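Take a look at the structures below.
Both complexes below contain subunit A, partnered by subunit B and then by subunit C.
Up next is the complex of A and B:
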């Protein structure tokens, strides 16, 4: 693990600690039985097998959307069409689960396949609009989300609604169109492992293939990617189609794994949860399942807490918000990081730089350097005298480290100006 | 009397870049004090600390003997420090007078009439002629610079920091600026003049402080040092690179480009009818003031800009219609003018940046997937062949010094073993060691019978490396010169400024059938 990764891990754990700490403080302020509430929040999910397994069930759709959005953000595209992809694919799943009659393994397989295609098609729309009309993908995707949401709602209530249900619900799905439950009495279904598999595949795609490299390069510095000869249109389109396909799959899996009727009268917030997951995972697919499980754990805990104590489960939103605030705040702990860098670079400078002469008057007596001298002179081995001097300066470094603490805050603002914005974080 | 001073100043940027190290500076009232040093020596960093834009990591700043700790440039302004940035801090859509008073008044609205009066009065008083009612977008660069000085004066500045003010000026405008600066000095103002042009420092300044590698090399009266002494203090040794270049013996023709035209927005011609060719073992230099079409020419050759009708050939194969990557595969390498914008992805690792050409090659794959061991080995090979100083191959390119980042980029393109190597400002703003290293590699290319197109703003570099030099002015070639040892920088300068121009026949010789 590089020192940078160590720093990021440390920062994440600290951010988590602080956000949980603040949340607990609030529990103490509002609750008459704070200890009960806290213990249900943190330990409740481990209280029974059913609760424990529901963490995995709840994490499943979050992994799908988290992967979709990580991929988009990594490539520097801020399409939120994931929402529509998921919703429409879920509608399609409902339609096929109701109307299609096929034997068991075939029925869900056909549905999954068609849902993936549907997700890909819808995912491509903002990308195409961007390529052909230079329309900002964030705006078009958010608008299209409404279009597709109402289209889906219309389809269900017009053609598939169960008029006897008394509330908004579709007809029941065929018994053949279900994903197998893995542990009896729980909601853990096959979809979770499908999601894990996808996380692995996406990691490979992103870090082990040509396209993944092109995607990362385009996302990190589009101007450089252009010079390298990477087609930005290809990256934009393919990324968003892939993201749409994953989201579509997520919608189908969720419907067949968790529901017997379609009753999403409001669009589920999985796409927005996906943004949270992508941020927590720093757009790294390998970390997406962990972030999703963590979020699901907090939610299951909060759910139990709200049922068994006097604290509402809206507290989850608070923990989430605080966590994201600290994880994304570039300046959080950067003073600490900067101090370490100061120490390192001073130590390096003292040993690497040759001693410089302050002898202008005599300097002209030096012979003109030849080519060979010039090249060699640039990497001189540190002489004994220099390293002795270096030791002296290392001691001085300690003061410097302290001094920099006071100025850390100011240097942060310098950083903001100096460094390039990282797309995934700034605009997400 | 000492008006502004820095004592033991350190500045370490995030990422661990040591920009200033134990810097000492002392400026007397009423002098023009030069701050000289190479690009990247830490001049701008020092200025930013004095002007309160960044806080020193360690060290003291004294203004009129009083220790200060600025939290913003506003506080520096209140102490009478004014800065003229290289990139003007102005709003182009507003008038000169509006820009002058912007952000100073207490009331919510700008009194335009009063602003114009004040602008005229101030302009009169200091002899800095500006047109108060014109929009900034409509005035010349020189006038914008005067406005920048007026802005500082308006805010009560007594100490002026000018960051390479002559970089954007013609020689005549520079002369005029010097007259104005001298008159400011007579009025008792103090000027800190940043430059790396020694003649200007000699002509204008009283004393100078020399910076090298982020350290002060001492303060001297300008009379006491010769230009050779100054340059030695600036760079550590005289950079003489009229190194044993083997005699020019061109081989087969490698590249030829014919009728390269390029139109910009609004139909303005950016490149006009450029034709030239390159042979094996030839270094063709392109001189010209920045922004005369050099970058666009590179982009046309690399394939990121398309010039309709141009005929581009490599070993007689027409590649005008090829994509960027197909051109690379054909044997074209390119080092761009801006290493962190076009040359690398600064936030990605050394590995990810090193493979930007080879990521398409089978050599880095096993079982159809990129192999991290192979990537690391390849990266290390490039890094060590170009003696890049690094900690590990996973660190960000951003954390390398300019010279090391440039060596990585240069090395990546060099390792592709191209037939045509296009170098756009290959040594701009990097340390002397890296410059020498890269120049040596360029000559190695020549020895290995490669064709090198060298675009550089550094005339010494062009004169010491090139076999021929083409001069660009406003998108045209205006001179084709044999670099036979008698060519001087002054001569080149005349072409670059458009004063001198060769005949069409002579320029046509750059293109051989």
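Up next is the complex of A and C:
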């Protein structure tokens, strides 16, 4: 682990510490039984097998939306249409699960397929508006979310509502339209593994294919991407269609895995939760499941806490908000990091100066560009920009971090070179 | 069609149009001020929700509508200060920080509401106060127009005055010039000795105060209570109307009126058998269509 990654990990842990710390403080302020509340919040999920497994069940939709938003953010598109894709696909799932009669494996398969198509179509709308009208995708997607939410609500209450249910609920889904439960007595369903599989596929797409490369470059360095002939329209459209498809799949999986009737009278916040998951994973699909599990753990804990103590589970909103704020604050602790870098570069200079060939940074960073062809040369530049854009991190998975270690090391030493002129000033 | 025409003939309809446009107008002016300084303030939604909440709580406990209003504006300022600290000092991505604050607002207000009233839905058990409506002498006697312009809520009049104030801010004042300069080219502004940090912070504070007023209007205007998620995307709508207005306060007024028109038309159509959900989606759909049309027109020019 390079020192930069160590710093980022440290920063992430500190951000987590601050978020949890403030939340504890609030618990102490409002609760008559703070210790009970805190222990349920943090240890509740491990209290029983059922609770533990529900972490995985709750993480499932979060993985889907986390992947969708990671992809959008990575390509530099701030579309929130994930919300509508998920909701409408869930509505479609309900409709098909009620009306369609097919044998078991076929029924969910058909539904999943159609939900993916539906998600892709809706996901494309803000992208098309951006391409044809230059309309900001954030603005259009936020409006469209409401439009589709009410459309979905209308569809269910007009055509599929169960009038005898008493509350807002659709008719019951057909017995054939379910995802198999994996552990008896729990809610852990096949969807979780589908989500994991998707995370793997997205990692491959993003880091091993040409399109993935174009997507990353468009996000980290749009003007350069244009220069090397990457079609930004293609990236914008394909990214958002793909993100929409994942979200659509997530909606269908959630309905068939967790519900027997459609009862989302309010739009679930999965898309917004996807934002924090994308941030915690630094838009890296391979890290998305870990971030989702982490958030799901807090969620399950908060639910148990609100049932067994006097603190409400809306506390989660506070933890989530503080996490986003501190993890994305690029300059958070930067003064501290700067001093550390200066110290390190001074030390490096002392040891390296006598033997210049031991200093790879100054010598190797530039010449790479002269030999390699243009596109390849930008690869390190792009990864550097990514690590700069990235804010802190959950590098809970050391092996994944190791993989990118080489490039990070390089950017580290480049930074060290940059800070060289500074020490003189500070000492003077 | 005939129904729509008969609605258009009613003075009540135009009264309602001005009324429903008010919170969006205030927020649009706020979004505009932030946007001209180069910050797209997506936290408006959460700011408004917090303001609506604290307006109700403070007015209920102090039994003073004025204090409630001041609290709403104060919390608007506070949230914006927080946002500006993260954006300006800690170099956070403004959109992500905004999303964080919105998350905090939607969960946090429910958390606090439950703490105070033991309910999660609405503040019905609290006796909170409303700000008054005003009858304007002379104008109220003019036929048709008088019924529309007089008797509106005090914040509606204030929002109209603020349209002029914001327009003047950008046309005449030093601060307005600085905000525009910082928004268009921060480096150049900095080189002229303008503190980019200070200007951005000030612009965000103005937008927070305006949005605070919008929140106060929602919970202390006609309904007189806070309910969970009562802003219903008005902060996001303001981002669209702001974009349509393109930095012009008078156009912001017109764009907000467009929202008011759709919203009150939707309210009137409720009596005609159009399904409720369609009525609810009309304002959002019209604004997104108007926004796309505006972008297309701008592109053609």
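We take it that the second predicted complex is superposed on the first by the 343 of 428 C-alpha atoms of A that agree within 3 Å, B and C clash if a C-alpha of one lies under 4 Å from a C-alpha of the other, contacts with A are read in each partner's own complex, and residues count from 1 in each chain.
One rule holds in what follows: a contact is a pair of C-beta atoms (placed from the backbone, for glycine too) under 8 Å apart; a residue touches a chain by one contact, two chains touch by 3 or more.
A quick note: this is a predicted structure, and the numbers were derived from the prediction, not measured.
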*When both complexes are superposed, which of subunit B and subunit C contacts more residues belonging to subunit A?*
B
*asked:* Taking the superposition on A as described, I'd like to know which of subunit B and subunit C A:315 touches: first, second, both or neither.
replied: second
*After superposition on the shared chain, which partner residues are touched by A:139: those of subunit B (first), subunit C (second), both, or neither?*
second
*Classify the contacts of A:207 with the two partner chains as first (subunit B alone), second (subunit C alone), both, or neither.*
first
_Contacts of A:346 with subunit B and subunit C, given as first, second, both or neither_ = first
_Partner chain in contact with A:221 - subunit B first, subunit C second, else both or neither_ = first
_Quick one: is A:106 in contact with subunit B, with subunit C, with both, or with neither? Answer first, second, both or neither._
neither
*Intersection of subunit A residues contacting subunit B with those contacting subunit C?*
334
*Contact footprint of subunit A on subunit C as seen in their complex*: 40, 42, 86, 89-93, 95-97, 99-104, 106-108, 110-111, 114-115, 120, 229, 232-233, 236-237, 239-240, 243, 275, 277-278, 280-281, 284-285, 287-288, 291-292, 295-296, 298-299
*Residue ranges of subunit A in contact with subunit B within the complex*: 2, 4, 204, 207-210, 213, 216-217, 220-221, 223-229, 334, 337-338, 341-342, 344-346, 348-349, 352-353, 356, 358, 360, 363-364, 366, 368-371, 374-375, 377-379, 399-400, 403-404, 407, 410-412, 414-415, 418-420, 422
*What residues on subunit A touch subunit C, complex-wise?*
30, 78, 129, 132-136, 138-140, 142-144, 146-147, 149-151, 153-154, 157-158, 266, 269, 272, 275-276, 279, 312, 314-318, 320-325, 328-332, 334
*What residues on subunit B touch subunit A, complex-wise?*
10, 12-18, 21, 53-58, 71, 212-213, 215, 217-218, 220, 225-226, 228-229, 232-233, 236-241, 243-244, 302-304, 323-325, 327-328, 334, 336, 340-348, 352, 355-357, 359-360, 369-370, 387, 389, 392, 394-396, 398, 431-434, 436-437, 440
